[in-house]
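Have a look at these structures, which come just after this line.
Two complexes come next, and they have one chain in common, subunit A, joined by subunit B in the first and subunit C in the second.
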Partner chain A sequence: MQSNAAFEYDYSIAKLFTYTTILFGILGMIIGTLIAAQLAFPELNYMFGEYGTFSRLRPVHTTVVIFGFTLSGVFATFYYVAQRVLKVSMAESNLLMTVGKIHFWLYFVGALLATVSLVLGFSQGKEYAQYEWPIDIVIVIVWLLWGVSIFGLIGIRREKSLYISLWYYIACFIGIAMLYLFNNMAVPTALVSGYGNIMHSVSMYSGTNDALVQWWWGHNAVAFVFTVPIIAIIYYFLPKESGQAIYSYKLSLLSFWGLMFVYLWAGSHHLLYSPVPDWMQTMGSIFSIVLILPSWGSAINMLLTMKGEWNQLTDNPLIKFMVLASTFYMLSTLEGPIQAIKSVNAIAHFTDWIPGHVHDGTLGWVAFTIMAGIFHMTPRMFKREIYSKSLMETQFWLQTLAVVLYFTSMWIAGITQGMMWRAVDEYGNLMYSFIDTVTVLHPYYAIRALSGVLYLSGFLIFAYNIYKTITSSKRLTEEPQFKTPMA
Partner chain B sequence: MDIRELQGYANFFLTMFLVLLLYGYILHLYRSEKKGEKDYEKYADMALHDEISDAPVENNPKTKESKE
Partner chain C sequence: MFHWLEKNPFFFSVGVFIVIAFAGIIEILPNFAEASRPVKGLKPYTVLQLAGKEVYKKDNCLSCHSQMIRPFKSETDRYGQYSLSGEYAYDRPFLWGSKRTGPDLHRVGNYRTTDWHENHMWDPKSVVPDSIMPAYKHHFTNIADIETAYAEAVTVKTVFNTPYDVEGGTKLGTWEEAQKMALEEAKLVTADMKNKDVKDAVESGNIPEIVALIAYLNRLK
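Then we have the complex of A and B:
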């Protein structure tokens, strides 16, 4: 290895993943907004025949935002952050550059094929694990390539210790690798029997075992895609953008182990009141409640990082994005455990309160953090200042309003729905039929669709701002150390 | 005792063991800093001073430059 003075960080892979973050973000959010509108106005289901129905598009929305938008954001920030905290350039290793490029292109082509396969109706029928077995094989290869990049960069590092963000990236890698493999164990029927479609497969598990493995994965997809790598992102970008060291590095370490220990075992709260063993349901509830501690440990650590520097919140919209993201993380990680309490779950389960909870986490915490990361990286990767601060401000308020409208409408809708389903008259007969609830919920569904339009508009403003930053913003002569320059 | 009951007890005791391990780790973090053996807070600087020309917080002894 040569002296580091001769090298600059190489952002070519980070740039490619930044483009796909924006591309998949737009695609996922357009579909999300469309299916939200379909729930309020059912005639929108019939625009594209079988390809445009809610049931066909819902898994497309969830998988595109999880595996397209979020993972692209995770990969983009990884290829940026890892080089910097390890003080090593991708350009120092031809092997790692090649692996990085193959990682990107296989991911991109695989993600497009995966999306098309879902639109065509090929699905395992497991939530967040819909992809059929040939797509799963591509995903496993993509994931292993990322592993080579992670451990390859670590192998040639100049910094002895690994910064906390890297711990979280590694946890994301290992967690998903293990759970994805376990949950997607399936037998391709055509290969075994010679009959049926080559894409079709049957799970290796059956009955409640299948449900348990599915939710072991399902809940940990939230843990290891929507939480762990997002903490990795904010633990780098918030201190770097504000110029403030993490409030307590020790707290970040113990929150890490606390989160790893607890999160893995909370998944059975998805199966309360189902035929899985009762102790397992209770443990799921208990682990979910305990999960508040490490989650708030991280969130409070982020907020306290801004101690004495709160003026930055008004000066720098980028800080505003990340502080709001931390706040939504706190809200979401309090709301989830509350929903996992058995008596609350009796009302909340299967209602709109659940997507309400998911979206204050994903829109408020995940997407805000990823967009903040891209706002920080773009001027440094392209050596240009951010095109417009006022567009950032507009986007921020538009999207914040959207998140608030989303979760408040779904709180009201969900609790109303749960109460109506359970209501009985003096003889013990159900008071309402299903359609009664649909009629009552219509205005809230319309509000949710509106919030989708607002959030998507904000994201389009973001995409435009980044595009203009890359193409026509003022050039920077030197890299800013902390605060991102913006016009 | 059937297998389900056994699984329940195994889960409980494994959880207790891991809780002890976690608390032990927390204790270790604070103790070793108090005794002056470790300074964990300095690692936060890795994000703040992350130019390729910046000096590492701790040099990796395995890099070629360190060996030279």
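Then we have the complex of A and C:
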């Protein structure tokens, strides 16, 4: 990649999405920390009446961090990266600028309405797909607008070959479009019957079919929101920050097409030992194991990109964020397949090991990568150096500690509970009543809540650092080529 | 070929779509018709039960409770017969859940009573001293949305042929009839309850959420 110094890009949309990444990040993590604390200290359920219970807030947490924080980060980096790898500016096309602006504002208003609708209790009752049908329609429009931006920019590109990051952004767009549409197929009841609440709908699928479609979506939302576009981000920012070329083009090819083909099969590993046909469960298990190959392919490609340049880890905290993110990606993509093995799943399923697994991926891999992307973009978008390197270091260690506390406590909690549920005495009777397996988890729930506080504090430091960078840091006269300047 | 694809975004995108759509077509489609067949004797939910299911969804009980018993001795000992596909035929959406912060509820109607649920929702610690579940006192004052539940029943009857108003099915009738039946069913529930305000509300024709929820939970067997 050559220097872009001679070319002016338009970052207005990327900036807007950067603000919402931080805003939804803070909101989602506050709610996450609160509900983690509620499990350890149930009195905290009663702070906001019926709107403040764990059960009502849990989907608010998951959807705000998925569709608020993560997607904002994906959009922010897209509007920054795409212009650069395609060698065109948004400002060259009035149409694309307008589409970009509508994309942002509709997304922002939609996301706020969606969040309020969940707090009020409008829910389809499907995990990570709770939004009722009017909200779904807004989401589809927002998604299509993003599609127009992607293919519009590609349409007027100067660089003919699509860089790796763009493969992954395109895959994210197509994958989520397909999965979201099929999983949210529902019939609005008021329109059919003429009675009742206009927001309410029933799923087009029933029972076991609904479960299959839901986990085909649920698992692959992880694929196409938490994996695919995050790889897009790191494939751009790691080489840009380190000045190193991607280690292997062939490895990135293999990993990309491998990931695309394999990931979708693995959804049924969420339904092991359920009434879903056995052969599907086995397919889900096997493909989950195969999934290690393309996942580790990408992660190894990242790590080897730093070959011979490991000294950068000591003097550039941004590189540290990305290398640790790649490492957590490896951990998480090994852990997932292990949990998808039937005998392990028999213990792990329904326990806290599952949220433990989710969070080493989301906190360690997704959020670290997005924050690194923002650290790299902000000085270039606002032409100011990073406000404080020492705050970055503090944030890094706080959050790393938080992730480690989170997954270790949840591993122990999950395996303890899974073992207790099945424990029998010498006569073959169950040894523990259910509540015994809840009270034993109290210390781990408390540790997890503490981990939430640490991670959230790190994120607030991040927000402050970015705010100071934008408003009062030293101005840059020209764009830094590789290493991001910081005070 | 890959270099060519990278220069031709349209064919690249088509390629990605085919590769990712493949698994869904092979895994999900073949079993679709069979998986939705009900077990013998399964009846669609009554309007009151549907209203209760709405409360279950609205307060998102599935955050912490599953409705899916796996075929292990430790689970059948604890919760009863393992779950069968056909038992869920009228569940739109399915409510299996993915986490057991609390116990499974698929057959909770077999071993908990109206009275137990009433105490438990008002104050979980009164029946399970170490419980970490929050109290749901607002279920005792919020009025259940019977009209939307009726709308749901009419919709699944019209669009998906769910057996309402047929031999061996569940009676639905007109909106006026459905209201009357829901109220009668609610009175059967409140007969076993002690909360005076709830009883009074039902007497005056309003059904609090707790009554609908208990009707739904009692049906889970």
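Assume the second predicted complex is superposed on the first by the 480 of 487 C-alpha atoms of A that agree within 3 Å, B and C clash if a C-alpha of one lies under 4 Å from a C-alpha of the other, contacts with A are read in each partner's own complex, and residues count from 1 in each chain.
We take it that a contact is a pair of C-beta atoms (placed from the backbone, for glycine too) under 8 Å apart; a residue touches a chain by one contact, two chains touch by 3 or more.
Everything numeric in this text was worked out from a predicted model, so none of it was measured.
Chemist: Judging by the criteria at the top, classify the pair subunit B and subunit C on subunit A as clash or fit.
Modeler: fit
Chemist: Answer with first, second, both or neither: which of subunit B and subunit C does A:G125 touch in the superposed model?
Modeler: In the superposition, A:G125 touches subunit C alone.
Chemist: I'd like to know which partner A:S274 touches here: subunit B for first, subunit C for second, both or neither.
Modeler: In the superposition, A:S274 contacts subunit C only.
Chemist: Mind computing the angle subunit B to subunit A to subunit C from the CA centres, in steps of 10 degrees?
Modeler: Superposed on A, the angle at subunit A reads 110 degrees.
Chemist: Name the contact category of A:F7: first (subunit B only), second (subunit C only), both, or neither.
Modeler: After superposition on chain A, A:F7 lies in contact with subunit B alone.
Chemist: On the A-aligned overlay, A:W105 touches which partner chain: subunit B = first, subunit C = second, or both, or neither?
Modeler: Touch status of A:W105: no partner.
Chemist: Touching A:W310, do we find subunit B (first), subunit C (second), both, or neither?
Modeler: neither
Chemist: Is A:F48 contacted by the first partner subunit B, the second partner subunit C, both or neither?
Modeler: neither
Chemist: A:L253 contacts which: subunit B (first), subunit C (second), both, neither?
Modeler: A:L253: touches subunit B and subunit C.
Chemist: Which touches a greater number of subunit A residues, subunit B or subunit C?
Modeler: Touching more residues of subunit A than the other partner does is C.
Chemist: If we overlay the two complexes on their shared chain A, which of subunit B and subunit C does A:R56 touch? Say first, second, both or neither.
Modeler: The answer is second: A:R56 touches subunit C but not subunit B.
Chemist: A:V438 contacts which: subunit B (first), subunit C (second), both, neither?
Modeler: Touch partner of A:V438: subunit C, not subunit B.
Chemist: Please state the minimum Cα-Cα separation between subunit B and subunit C in the superposed model, rounded to the nearest whole Å.
Modeler: 5
Chemist: Return the residues of subunit A at which the contacts from subunit B and from subunit C coincide.
Modeler: 160-161, 253, 257, 261, 265, 277, 280, 283
Chemist: Looking at the complex, which residues from subunit A come into contact with subunit C?
Modeler: Those residues of subunit A that touch subunit C are 38-39, 42, 45-46, 49-50, 53-56, 58-59, 121-127, 130, 151, 154, 160-162, 167, 170-171, 174-175, 178, 182, 187, 189-190, 192-197, 200, 202-214, 216, 253, 257, 260-261, 263-265, 267-268, 270, 273-277, 280, 283, 287, 346, 349-351, 354-355, 421-424, 429-430, 434-435, 438-439.
Chemist: Spell out the part of subunit A that touches subunit B in their complex, as residue ranges.
Modeler: It comes out as residues 1, 3-5, 7-9, 83-85, 87-89, 156-161, 163-165, 235-236, 239-240, 243, 245-246, 248-250, 253-254, 257-258, 261, 265, 277, 279-280, 283, 479, 482.
Chemist: How about subunit C: which of its residues touch subunit A in the complex?
Modeler: These residues of subunit C touch subunit A: 2-3, 6-7, 9, 12-13, 16-17, 19-24, 27-28, 31-32, 35-36, 54, 56-64, 66, 68, 70-72, 74-75, 77-78, 83-96, 98-103, 128, 130-136, 138, 142, 145, 147-152, 154-156, 158-160, 175.
Chemist: Report the residues of subunit B in contact with subunit A in the complex, numbered from low to high.
Modeler: It is residues 4, 7-8, 11, 15, 18, 22, 25-26, 29-30, 33, 40-48, 50-54, 56-61, 63-66 of subunit B that touch subunit A.
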